[in-house]
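Chains: A, B, C and D, in written order; residue numbering restarts at 1 for each.
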Amino acid sequence: MELWFTEKHTPYVQFSIKIEKQLYAGKSEFQRIDILESREFGRILTLDGYLMLTEKDEFIYHEMITHVPMSVLPHAHRVLIIGGGDGGTAREILRYKTVESIDLVDIDEMVADACRRYIPQTAASLDDPRVKCHFEDGLKYIRHYENEYDLIIVDSTDPFGPGEGLFTKEFYGNCYKALKDDGIMVNQHESPFYPADSYAMQRAHKRIFASFPISRIYQAHIPTYPSGHWLFGFASKKYHPIIDARWQEWKKLAIKTRYYNPKLHAGAFALPTYVEDIVREVE
Amino acid sequence: MELWFTEKHTPYVQFSIKIEKQLYAGKSEFQRIDILESREFGRILTLDGYLMLTEKDEFIYHEMITHVPMSVLPHAHRVLIIGGGDGGTAREILRYKTVESIDLVDIDEMVADACRRYIPQTAASLDDPRVKCHFEDGLKYIRHYENEYDLIIVDSTDPFGPGEGLFTKEFYGNCYKALKDDGIMVNQHESPFYPADSYAMQRAHKRIFASFPISRIYQAHIPTYPSGHWLFGFASKKYHPIIDARWQEWKKLAIKTRYYNPKLHAGAFALPTYVEDIVREVE
Amino acid sequence: MELWFTEKHTPYVQFSIKIEKQLYAGKSEFQRIDILESREFGRILTLDGYLMLTEKDEFIYHEMITHVPMSVLPHAHRVLIIGGGDGGTAREILRYKTVESIDLVDIDEMVADACRRYIPQTAASLDDPRVKCHFEDGLKYIRHYENEYDLIIVDSTDPFGPGEGLFTKEFYGNCYKALKDDGIMVNQHESPFYPADSYAMQRAHKRIFASFPISRIYQAHIPTYPSGHWLFGFASKKYHPIIDARWQEWKKLAIKTRYYNPKLHAGAFALPTYVEDIVREVE
Amino acid sequence: MELWFTEKHTPYVQFSIKIEKQLYAGKSEFQRIDILESREFGRILTLDGYLMLTEKDEFIYHEMITHVPMSVLPHAHRVLIIGGGDGGTAREILRYKTVESIDLVDIDEMVADACRRYIPQTAASLDDPRVKCHFEDGLKYIRHYENEYDLIIVDSTDPFGPGEGLFTKEFYGNCYKALKDDGIMVNQHESPFYPADSYAMQRAHKRIFASFPISRIYQAHIPTYPSGHWLFGFASKKYHPIIDARWQEWKKLAIKTRYYNPKLHAGAFALPTYVEDIVREVE
């Protein structure tokens, strides 16, 4: 049975995965949701046809969006996740015992429900007592908080469709306000390689850079995302992502990771020259 | 006109590029050679259907396979390139004025000829007076040299087909012998992600590790290679790739790069934990 | 969401249909069964990855495999269908009031069940009181009957996998025996165009031609089958498919068809010269 | 080397052919022209990405567009081909010794030149002394002739792009005028199956039916055209395509054909009911 999921990374580049079975197809108020079973990547979540995660390589994305800021803030108490309805980011944050509560704000409850049923590898976390799910618009949610969170993780979809508002100046400004004085905001930051992705990345960085005193970009190898070269933004009121990292403390926590490690943490901020050039252009 | 080049990264994963035009199709004694024109990546060289380089992202591969060792050996005189018939590696090495001669040993002259005609971006280097092309088997060539080269770059195809011999213990041993006392060997080292590539990488590392006192692996983001996560091997008789890097000297050379930079050089050796685990298994 | 079903018609030819949703995926003792939803063709049944029917063009196949023989035998009483678990052939036969009973013998009950649930357009017929389903091997079933049926329709899958036995000399001989003196056997007969299909067609025709005094081939345009040019075999003890057709009687039955009509019936036996040549070779 | 030519038959249906080599890519004033080499179909001509002919199955199209009218007019002297720059239609007409001259009017000389070089199987005919090529707009050419031709064959591309004008009422009216009193016009008539093709077919038929006293549609199995079910129009001032066919005379000509034969000629006019319904709607 030849069934292939295809994502156009650009109009001229296709990435295709052989599918054994479609496990779920749903249409929420916000987007189309599919869960597919593949031999190469295990289960795959797609939203509006864009690949969001695969069981095989989601650890890379979820470790890098969480342990980088958490090794700077190993004693964070209050964490806010915007997006992240699949539960992968919450799962990694829950590994820190000092975290008292995670507010997870995702606009689309159907994503969480589908993942709960078909991708417990990430979504089991959603039922942890420390996680409180709010199925509402993150853009609106954030407006009501001030000096509340140690860490905000913006685990959004791409900057079109339902995730669009999470790439605006207003949103980043409100995140700044909602953070404590030593708070950190981390966000998924698209890819530097293909022109459309690179432009979105640049635009987002420009806005974050204008909102936070410290704003750095780091990278990871995520094989199932366009170009395999994915960026994250680290924005902070006070802490530098490398100088202020507390890796000794982090190591004591004995959190077993498969991608993240302190050396790689530092290395991830060493960007290729062409990426630095794109970033610098808007700083 | 919908013409697509498709490479199976695994039996279950396809990467496809829209082709505007096939510029060249040839069959040498060793392999099938094609040069394709694409809108996204410019011209593309494939050997036996495997993508070797694209005009758009070849700079990543070629900078990383050259400037990493050259910043440790900024005054290298004699360089040997095994493979590399497209000329991209030679082009980067030629940017060092102190290099007196480059021996380029590629088994297949037709590759060089096709690239000369259609991909001057890399192949123009082949006509530089400092480059001497030897169209013969690198495995045999290397047997005749001792204490000859400062740097050997193994810019091979994958470890099956004509490139197979360049992944053997005998070959690495002969490279060791052909190097001077402070010489370095760098090789393209496949990808850690998909199982078959990862296994090839591990096997090659095992052999290099057994042949050289210092053997480290570093990585780059190459969007058109399987998984986008590509590895290189740095093997050396004496110098450590980071501790002994001479970045001050390198910076004085004022070589303008688009991917490589000293910070990234150091970061490139910080591997994800799962890659370190694969590597350690055979050390 | 780009999900494509692809069938290789040959190693060098692919036919691909965009899929909105996979409705069913099952694995029986005999084969893999999938039901897919598409915008262009409605629901699609595939067995072991081969397209069996689509809601949009199944009428062509099912009308041509039934009304051609039934217009020669408009008063048939006892009909045997071998294969046909999707119910489409039975549906067309049920339109003849004089048919008293249809024995439908399909090896795989899961196909019938899946179609009952997802493709009632064909499978609703299976619950008609005149249809008796026998889920067993047609090859064995047929051995027990003599002088029993007016019409046997071999509505099989391709001659490999579970359908293989239905293309053997033994099977056709037993069909002959199970037919009444004026009985007719009709079978799906592959395509004449692509070499592998053409060879299968020729081999089957050779065996039928050796077993029946009258044996003719007719054709239809089935867009979703390989090459779109599909053949059927008409084998009979006594009646010629055109000379003995009783179209006046057939017309009085006022069966509304979308592909079949008496003129087309005659035309369908006029084969292209290259097909006649293939057929003649084995007569 | 996996290089695939893909034609979208509809937005939801793709037909793909593995390509060994692109032999030619050109861009004329009118369209993009490609000639591809494939293992399954031999050489393939595409215009603006639409498959026009393959060496393997062009005989079907070219025999059916010529021998059907020629068996009604076996002594035709003057033949006009509009389009047909690949030469296949001319080749078949040249087999009739009584044909004195063929005017071939194709807007795009580059198509003829490319076919002359790469597809002599069809284009060798263009250099026959009886063929006169006029590289100009057929729509304009036809305006200047009255009572001139025995047979006009409209061997056009699809009714969009350069072939558009060849589907207009004005054009068909001028063809009528250019024909002798017993003249025949035959045209390629798209497919009845996919909605957009079917609509184009219906619209063309409506216009031809309004221009000619006799207007019938016939069909052939052409595996590489959308749906494999292709139609032709037979329009005539006087002769009926079946009643007036002169097959005895035609047989005496001893023209060896691979698809066409007199029985099939008659059968080709027996259309499926759903096609007749579409046709009737506009008569």
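Throughout what follows, contacts are C-beta pairs under 8 Å (C-beta built on N, C-alpha and C of every residue); 3 or more make two chains touch, one makes a residue touch a chain.
If you're wondering where the values come from, they're calculated on a predicted model, not measured in any experiment.
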* Structure fact -> Of B-D and A-B, the pair with more C-beta contacts is A-B
* **Same-interface partner of C-D, chosen from the options B-D, A-B or A-C, over half of the pairs matching** => A-B
* Asked: Which integer distance in Å separates the CA centroid of chain B from that of chain C?
  -> 57
* Could you give the separation in Å between the centres of chain B and chain D, each centre being the mean of its C-alpha atoms? => 53
* To do: Could you please state the distance in Å, as a whole number, between where the Cα atoms of chain A are centred and where those of chain B are centred?
  => 33
* Taking each residue of chain D in turn, which ones touch at least two of the other chains? -> 4
* Structure fact -> Pairs of chains in contact here are A-B, A-C, B-D, C-D
* Using the touch definition up top, name the residues of chain A that touch chain B in the complex. => 4, 10-18, 38-40, 57, 60, 193-194, 219, 221, 223, 227-229, 257-261, 263-264, 266-274, 276
* Sites on chain A touched by chain C in the complex -> 1-8, 19-22, 25, 32, 34, 36, 46, 48-49
